[in-house]
Every structure is written in structure tokens, then in C-alpha cells.
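Each chain gets a letter, A, B, C and D, in the order it is written, and its residues are counted from 1.
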């Protein structure tokens, strides 16, 4: 998987298309900001002014390539401006295996990664609003060790899901991942069970889970919470799968078809509901929330619910 | 679909392999009994003495061809000897459309068919035991207008399902069908909804439905109760599908593969649980009953149920 | 000889506990438009047959008219907020059966329907409105989603039938239809199905097991398409017009039988002559029936109200059929 | 600096209402067999690494021994009454994942497990124990059937992982695994999973979300196979033995972490040296844990008893993970 280093941070409010931008703080290291005048499309090599690039939600206007986004760009592209509140940012990486790889010690690698990525871990969680409707959001940031899922990723996601249940808030997960966090071994694998089990409770509480698959999304994330959603969206061209193409080719010697594992491939094979252009993301999520969240809005208005939940609400929370 | 006229009735108890035989009465017309010395296999042309033929449950010992069975042979092949009790035999065909086809009037056709087949309608329902365990059985008899499903077929099956719920008895359906009873038009179509809806109640009551697919089974029967079962069995070589091969070839001009729509084809495609040789039928059904009917046997013994039903038992019966 | 009684479709629900095994239907076995009675079949004047055949066939042609409003035409107008959802999460996405979340008259709903094309290109993309197993399994997923979120289900029926092909058999379209019937029969939300054009066989019924089944005036609903019926009856698909009349497949026939609840009038000449008038009629009918069903769910304790809705749905189909029985 | 606390796998359940955000695990971060600690990584004697690596790799080889008892070997002895059920009712039947109805110690159960072959021919038929989406969807169907009939679920885990192939991706083995996790987490019957050989990644976990997770003494359970781990870490699958030791994948490692509930002893030399002794151990363990779980379901009102079982299952996985947090 190629990793896109070209992820300049959105800096200001100086353009009218970008009304929903709301960065919590400047997290990008200085190094990146310095080259931040042009970006070159990794797909078609088109050069675009950074300002124009931000206006277009970092989508190449020539070839429609959707650049990988950092977590804060994602917040800006989805939530109402200024509505974002991060929670559980202080949950930090542990070292359950005492992992060392040829002299490189895991905790050291984490310290370096934190500094470089400007965040404590690969999953950033919080809440905000879309068209004024509350929404909890978990964003996997590929810049942090390829958004690999370890204990903190799982713990923060589960806390967010439990937060949703307490506050009766719908959930959007924005997924990208290179796979499991190898450094945490079996603990990483168990995050698949832990996060999906929490989603089962969210579902029993009658709250929707929207999943947005972004480039690239592989391994345990795809095989757990990201594919268990009421509505699954994917960004155009995003690569999504369980095993990577290289592993498949090596294991099976199969020739993989053109477009294999793209979002469009998944749509054709019935695995996602919609491939959504980035500029439509805010409106699509907003509409889905309005349509699936009628129960909550009815409750707020003091209106009797039309149809009771199938599951016993008392059982929705196992704690 | 070829129709097999070679279905002599089992006559006596004069052989030791056939211990479970229990015909309710002699229903075959005299005409058939007269030629009842040899049978010729429609697949491999092997000639077999009738007595031997009956011993082998009407399976060709040379090529394993499973002859089509009349309802009473089926009873004998499945249930404990002497345990069969037929119910609702008196429900008779109506004529909802006032159907006439080039001078042939439906009620007249029914009268002729009754006389020829020795039964009032295509579905024979009743109950008996397998290894002493009570089992309700519905048998579609292809000799009655190709076991087409009309109002009586549906009504008798639903009554049997409701009987199962009242008596806490598991259900075995033995299906064969050329499709819907054309003469009853939309009423025939609605039997799909009616029978399947009743099965939903059976399921909510925690009672198992075993489905046995026999040659040939097409159309509305396949697309309703026969494919909605906890365990789906099929006889070797039985042809089972929704649309017949001729219709598919005419509509799509597709070349159909060898073995298309056989029981083995369905097994390979994940649609049936087991292809069961006729001589294994009794023991397989008996074992399945023992394994799935523990709740009932526990109740009978006054033992506390280990695990309550998911569904509210009060809701199991909508009447 | 004992008296013979008949049970017609949808009479008053039978209280099972009282073990009344038969009730007389107040619907005549052969209504005014039924011209073939048992005793006089051979003596009917040819021109009478021809009149009925012509009339039925005209309806078949209107029901199939390419300019007739199709599922997405209704959804577009009735539900300005609509998010189509795709895929069965098993194998594929079927363009012959569409569905998604929508708002209808101020409430969230789930809509489903077979989708035909208007020209050859569209029809190929939509497979002439003939769903594959994937279509029915997408529908199944969306039905269950409707239940999860308490959304009423609105179904538009418009198909010649499920697609008869190798792939449909490999992945068992029969199993897919059967499973939908099972789930629909116990789905804990109100369901309304409307036949807007062709209601062809099990492929139509798979989204037609509902609390209310409605038909447009010029729509048809049958156990087999007229062509298939003619093939089966006379091995001659060209006799489809005669089969159509023989099989009694019009909205009026089915209403008389008690199989459907209501016939919705179309503009003179048919729905294709005035889409917005037709859709306005559908809006009113959906709204009226939904309001009634929702009111039923507000009565008493919620679980009991749902059980009552499901019991009524069960009885609706439970009583469909005509037979004779000696009491 | 605030105090840092860690949460290990499976400590005493946290009462959520009290908002205790952290508890200290009584399990040491690095136990006696953990030879690489953060501060001394560069200074470890090579022979110590080599000893652990050898020991772990020996276990990997025993776990993969072709004569080791496989899923159907256990079922055959533990459940003389067994009816294998086939097919996912969607696409196909997977021979790499078997399942069916069975009787175990006088009770009906549903059994599931990945099935490896013993020679090349068998292994090709069983796809080397690597299930496709069809396998997991068959498992899903059988899980739901177990729930419907109140049958405890017994799972045998023995797979290098889900099959990485074009078809697995087309029909999304990831989706299939995820859906199984969702359903298992709320399945209203007791679930016991036992790793009998290889527990490879998500393909193993898909039948491993259970009330009790057990491992045989010489079995392994890991986020990726040793070879895949070596490929990822060093782009060199030949370093699998080193990866195996680094990733801490033995039953003893996982028990120390609190990820699994119990390590079942094997005969000297490994399970393959004495099938019947191994199977007897498994019988005793299954019987003991099932009895405990069933007794829990008899306590108090049935619905509450099930809710309590599900809550415990949730907490079991909810608490797995190690992190640091400033309080």
C-alpha cells in the first residue's frame, strides 16, 4: 500500500466552499506546512494550489482522485463548523507484549509517531453536529502507524459507542487501516471482538451506525466494526479488503481483475450501500441521520413512538 | 417433466427389510396392481422383481435411481409401522375461478384425478412416530395433478402446522411439485404466503421443520415452505428448482451445466443440508428429531428447560 | 349428502379456538364478469369470451405500458428525501429491485420495489424488472433494517417475475423468495404493498405479503404471466390474451376475490396519461392506510399492539383459499 | 506526573456506573517467559532469544502436526450422534468449516469448527482449513439455529486464517467474519470455543467470541500467522520462528494475558501421540464449563439469566486491551 505523505493541514477559513471546517488545533508538524503551496496529484500528477485543493475537499479536480485525509480534514468535511469536541484523547498506547523488533522498541516507536502525527493514537473520537443533529464520530488516521488497530483504538471506539448509547446519539465511523497493530499481538486481534460486541449493543438500543470506508482499509478493521453498519458508505476509489492484493497473488497465484477491491468493486458485489463523493458526504450523512433518527427526534418532541423497539431496551447495556 | 406411471403400491408385510411400512388403506386403482410383477428402471432399464423393488425402498440397485414414490410408500419409508394417522383428508378441491380449459372443466378434471390417484388432493397430511417420537408429516403426491399447490394443498398444510403448534410436534414436509395449480389462479399463488406465514409461527414456537425435497420439486412449493426449514434434506438425483430447465433455456439461451438442479447441485450451492439415500431417511429423521426436540422431551420429563425461547411464547399463535 | 360450504379469500377472521372449521363466503364463486361457469362451459357464445379477453388484454397492455410510472417515478415524487441503499452483503447488487430510506408525509419509511426500464438500454440495465436472488436478499436486508428502526415498509410491485436463469437457480431465487415471505409475515412494522403494473408470480409476492395489498386499476397480479400461463395450458405463448382472461388477473378480479384490499383508480386511458394524478392517488391511499395502521399500533400496550397487527396479517393470508369440506 | 495505570485482559469486571475508568491489572506486563523488556531489549543474550524461539517454534510445529486430532476427530468421539449440516443458503458449502447438530454428554449441542486435512488430497478438499465466506455464513446460519433451539454452541478452532483469495474478497470474507462476531456477542446460548491447533487471525476469532475460550497446551492463537507476521515485520517469511516468539502466541502466553480462560494439558509429546487421552481432557473441560454456564442460566428468571450471561460475555471482551491514561 502506498502511503500518501502529501496531507497538508487545512489552515484557515478563507474560502467559501469550506463552511464546515472546524479544526480543533494545528496538529501538523512544521515540516509539512513549509511545502504547502502546491500539491501534486499522486494519480494524474496534476498540480493544484493548496487553497484550491482545500476548497475541493482535497479531491483532484482533473481525475477525481480522493486524497487521503488527516483526521481534522475529515472533521471539517463532515461536521458543522465549530461543533467538534474530542473525547478520550488522553488514552495512550501501552506495551502488552514488551515488543521489540531488531532493537526498535515499541514505546519508542510510539513516541516518535505521536510527535510526527500530532495525535496520541490512530483513532480520534469525539462528537459534533451535522445540520445541527448530534453525531458521534470515530476517525482512523492512517498517518498514525497506518491506522493499525491496537488496544487504544479499540478502547476509544468502545467508549464512544457506550457514549452513544448513554446519550442516544448515532455513530459514524470513518475507517482506514493497514490492519492490526502487530506490536500488540493477540490484544489487537481481540479489538475486533470488543468493538463489534459494542456495536451489537448500539444496534439493540436502536441507534444507527454509519460506516465510511476510506483508502486504504484492510484487515481486522474491515473484518469487524467497519463492515457491521446499517449503512456503509465508501469514498470513490478507496481500496477496501481483508487480505491485500500482494498477499492474495502470492498465496493463490490468481490474476486479480482491474478495479479489484476498489469501493466501486465492493458496491458491485453488494458490500457497500453507496460510493459517495467527498463533497456529498456532509449532506448524505445529514440526510441519513434525519431518516434513521426519527425515534430520537420524536422523543425529544415528546411525541409517542410509533413503533417500539424489538429488543428489550433494558438489555441494551450490559455493564 | 416426465411423469412416472410406474408406482405400484406396496402390498404386504412379507419381507423383513420393510419393517416400518404402514399403509392406511389400499388406494391404488386395480389397473396398476395387475402389472405389478416387474418394474423397469427409467434410468438404466434394469428389471427388478416388485418384491425386491419394495425391499429396496424402490431404489434401483443397479444405478441408484430413486423412483418417485406415492404418498403411502413415503409413509412406509419414514414412519414407524402402524403409526400413521391421516388428518383433514376430507378437505376437497373448490373452483374459485370457474375454470374451464377448451371444454375441460376443472371440477370434472378433479373428479377424474381423484379416482385415478386414489386421494382427494395432492397433499396428504397426518402424523405418526419415528422411533416412537411423534412427527407430523405432509406429503405432496406427484400423481395428483403433478402435486400442484392450490387452495386445499395450502389449507391442509397450514392446518397441520397449527396442529403441530397445538400439540408441540415437529413437522416434516415431503415436497414434490410441478408448480402452482393453474386452475386456481391467484389463490394458488397466495398459498405460498399462507404456508410460509404459518411456518414462521412454528419457528417462533421453537418447533423444528424438516423439509425433504423429492423429484421433481419446482415453482411455488420450492419458493415457499419447502425452502424455509431448519434442516433441508433431498433425495439423490431429485430435480429441484424455481423455473424449469426448458423455461430457462428458452428465456436466456443459456447452456445449462450437467447435473443442473439436481439435489447434488443444490448441496454444492449451499441450498440443502444433506442428500439422503432413501434407506437412510428413517434413521436420519429420527436422529434429527432427537437432537432438535430436546426441549419437548425435557418438558415431558418435567425437567426445567435449560434455555428459554427467544420469542415470546404467547405470541406464537396469532389466531 | 352433507351440505358443502366454501371459504373465500379474506372473510371475517375465524376464531380458531371455537373450532369453526368452515364459514360461508359472502363473495360469489363466479361474479358478474366471470363468464365461464362449470355447467355451461361448452355453450358460451364466442363473442362473449372475446369481449372479456379483449378487455383483460387491454389492461395487460396498459399495465405493461413503457410510459407508465415505474417504482422510482413514484418514489421521486412521494419521497423527496430518498437515499437508495445498495447490495445484499452477500454477493451483489440487483438493479431490478431498488430500495432505500425515505421520508413519506413527515415520517421515515423504507421503500422497496421492482424497477423496469423505459427503453431497451434501461431495460437491459434493469433486467426488465426481473430480480435475481441478490435483489430479494437486498430486500430482506432492508426489511430487517426497517424493523430495527421502526420504519413502515412501502413496496411497489412491478415485475414479470423473478429472473429465470442459471445464476438465479445457482443462488436459489426460490430460497430468497421463501425467506422474504417468512420474514415479512412477522415483520414488526406496518407493510403496504401496491401493484403498480405487473405482479408476476412469486417474484411479485416476495414483496407482497403485507398488511394492505393495493392494486392500480389497470394493473395485473397473477400466479404466472399470461404468456407462461398460455405455455403451460396450451403450449402456445401466443394464446396469452386468452390465458389472461381465463386466469382472472385484473385488479377488479382480485378485489372481488378478496385477495386485495383496494383498487386505486387511474386517470382515463391509464396511469401513463397522467403521472401526477396517478401518484397523487397513491399518496392519498398510502397516507390513509398508514395512518390507520399506525393508529392501531398506538392502541394499548406496544407489544400487544404489534402482536395484534401481526395476528391480523396472519389471518389475512390464512383465510385465502377456496375449498369444500363435509362437516 | 500523574500515576499511570494499566488495564490488562480480563480483570474483575468494571462496574460502569461507578465510572471507575482504570483498574490495575494483577497480571504482570511481562511474565517469566517474556524475555524482551523495554529497557533491556538491546542487551539480551542471543541464546536466551534462541531458547524461547525454539520452544515456541516447537509448539507451532506440534500445533500444525498432521496427525494431531482435527475437528471431526473430536466430534466423532465426543458426539457419537452427529448430523453434519451443509451450506450457507446463499452461495455454497465450505468444506473447510464444518458444523452440525450433535449430542454431547446427554444434551443437544451445535458444533462448529475449521477442518484441516491429514494429507495433500484431504488438505486440498479442506482448503488447508482456510474457510471462505461461505464457511462463515454457514457458521452464522448454524449459530442462529443453535439459538432458536436453545442448544449450546461448541467451537473447535483450527485454521491458519480465512482464505485469502479473489473469491473471498468478492463475497467479502471480512463482512462474513464481522457479522459472526456481531451475532456471537449476543447469541442467547452458552458458547465455548477451544483452540485445538492453529488459531489464525480473524478467521479463527470468527468462531472464537465465546463465554469460555480454551486452548490446548500446544496450540497457538495469534493476530497473524508466524509467517505472515515475519513478512509484515521483516518482509521475510523465513523468520517465522522469530516472529512466533516475538508475537507471544502460545496458550501459556495467552493465559498469562488473561485472553483465554484455561489451558488444557496434552499428553507428553503432544496431542498427536494420544488422541483418546486428549479428547478425554477436552470432554472433561467442555462438560465442566457447560455445566457451570447452564447452572447460571437456571438462576432466577430466565430472561434475566440470559441477560446476565450476555453481560458477562460482553465484559470479558470489553476489558481486553492494555493502555495508559492520565487520571
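Just a few scattered comments:
Heads up, the rule we're going with is that a contact is a pair of C-beta atoms (placed from the backbone, for glycine too) under 8 Å apart; a residue touches a chain by one contact, two chains touch by 3 or more.
None of the values given here were measured: they were computed from a predicted structure.
Steps from chain B to chain D, minimised over paths through touching chains, total 1.
With chains reduced to the mean position of their C-alpha atoms, the one farthest from chain B is A. Each of A-C and B-C has its own count of C-beta contacts, and the greater count is at B-C.
In this assembly, the C-alpha centroid of chain A lies 42 Å from the C-alpha centroid of chain C. Put simply, the C-alpha centre of chain B and that of chain C have 28 angstrom between them.
One simple way to say how far apart two chains are is to compare their mean CA positions; for chain C and chain D this gives 48 Å. The distance from the centre of chain A to the centre of chain B, each centre being the mean of the chain's C-alpha atoms, comes to 52 Å. For chain B, residues touching at least two other chains, in rising order: 203, 269, 271. In chain C, the residues touching two or more other chains are 89-91, 171-172, 175, 179, 303. An unclassified topology is adopted by the chain contact network, corresponding to no line, ring, star or complete arrangement.
Contacting chain pairs in the structure are A-C, A-D, B-C, B-D, C-D. Taken in their complex, chain A has these residues touching chain D: 90-103, 105-107, 150-152, 154-155, 158, 162, 179-180, 182, 184-194, 196-201, 203-204, 219-220, 222-228, 241-243, 247-248, 251-252, 254, 256-257, 260-261, 266, 269, 271, 312, 314-315, 317-319. For chain D in complex with chain B, the touching residues are 81, 83-93, 101-103, 107-108, 134, 138, 145, 147-151, 188-189, 294, 297-298, 302-303, 306. Against chain A, the residues of chain D that register as touching in their complex are 6, 8-9, 14-17, 29-30, 34, 36-38, 41-42, 162, 164-166, 168-175, 177-179, 181-183, 185-186, 201-202, 205-206, 208-209, 221-224, 228-229, 232-234, 246-249, 253-254, 257, 259, 303, 307, 310-311, 313-315, 317-318, 320-326. Residues 203, 206, 208, 230-231, 267-274, 284, 287-288, 290-292, 294-295, 304-310 of chain A are the ones touching chain C in the complex.
By the touch rule above, chain C contacts chain D in their complex via residues 89-91, 137, 171-172, 175, 179.
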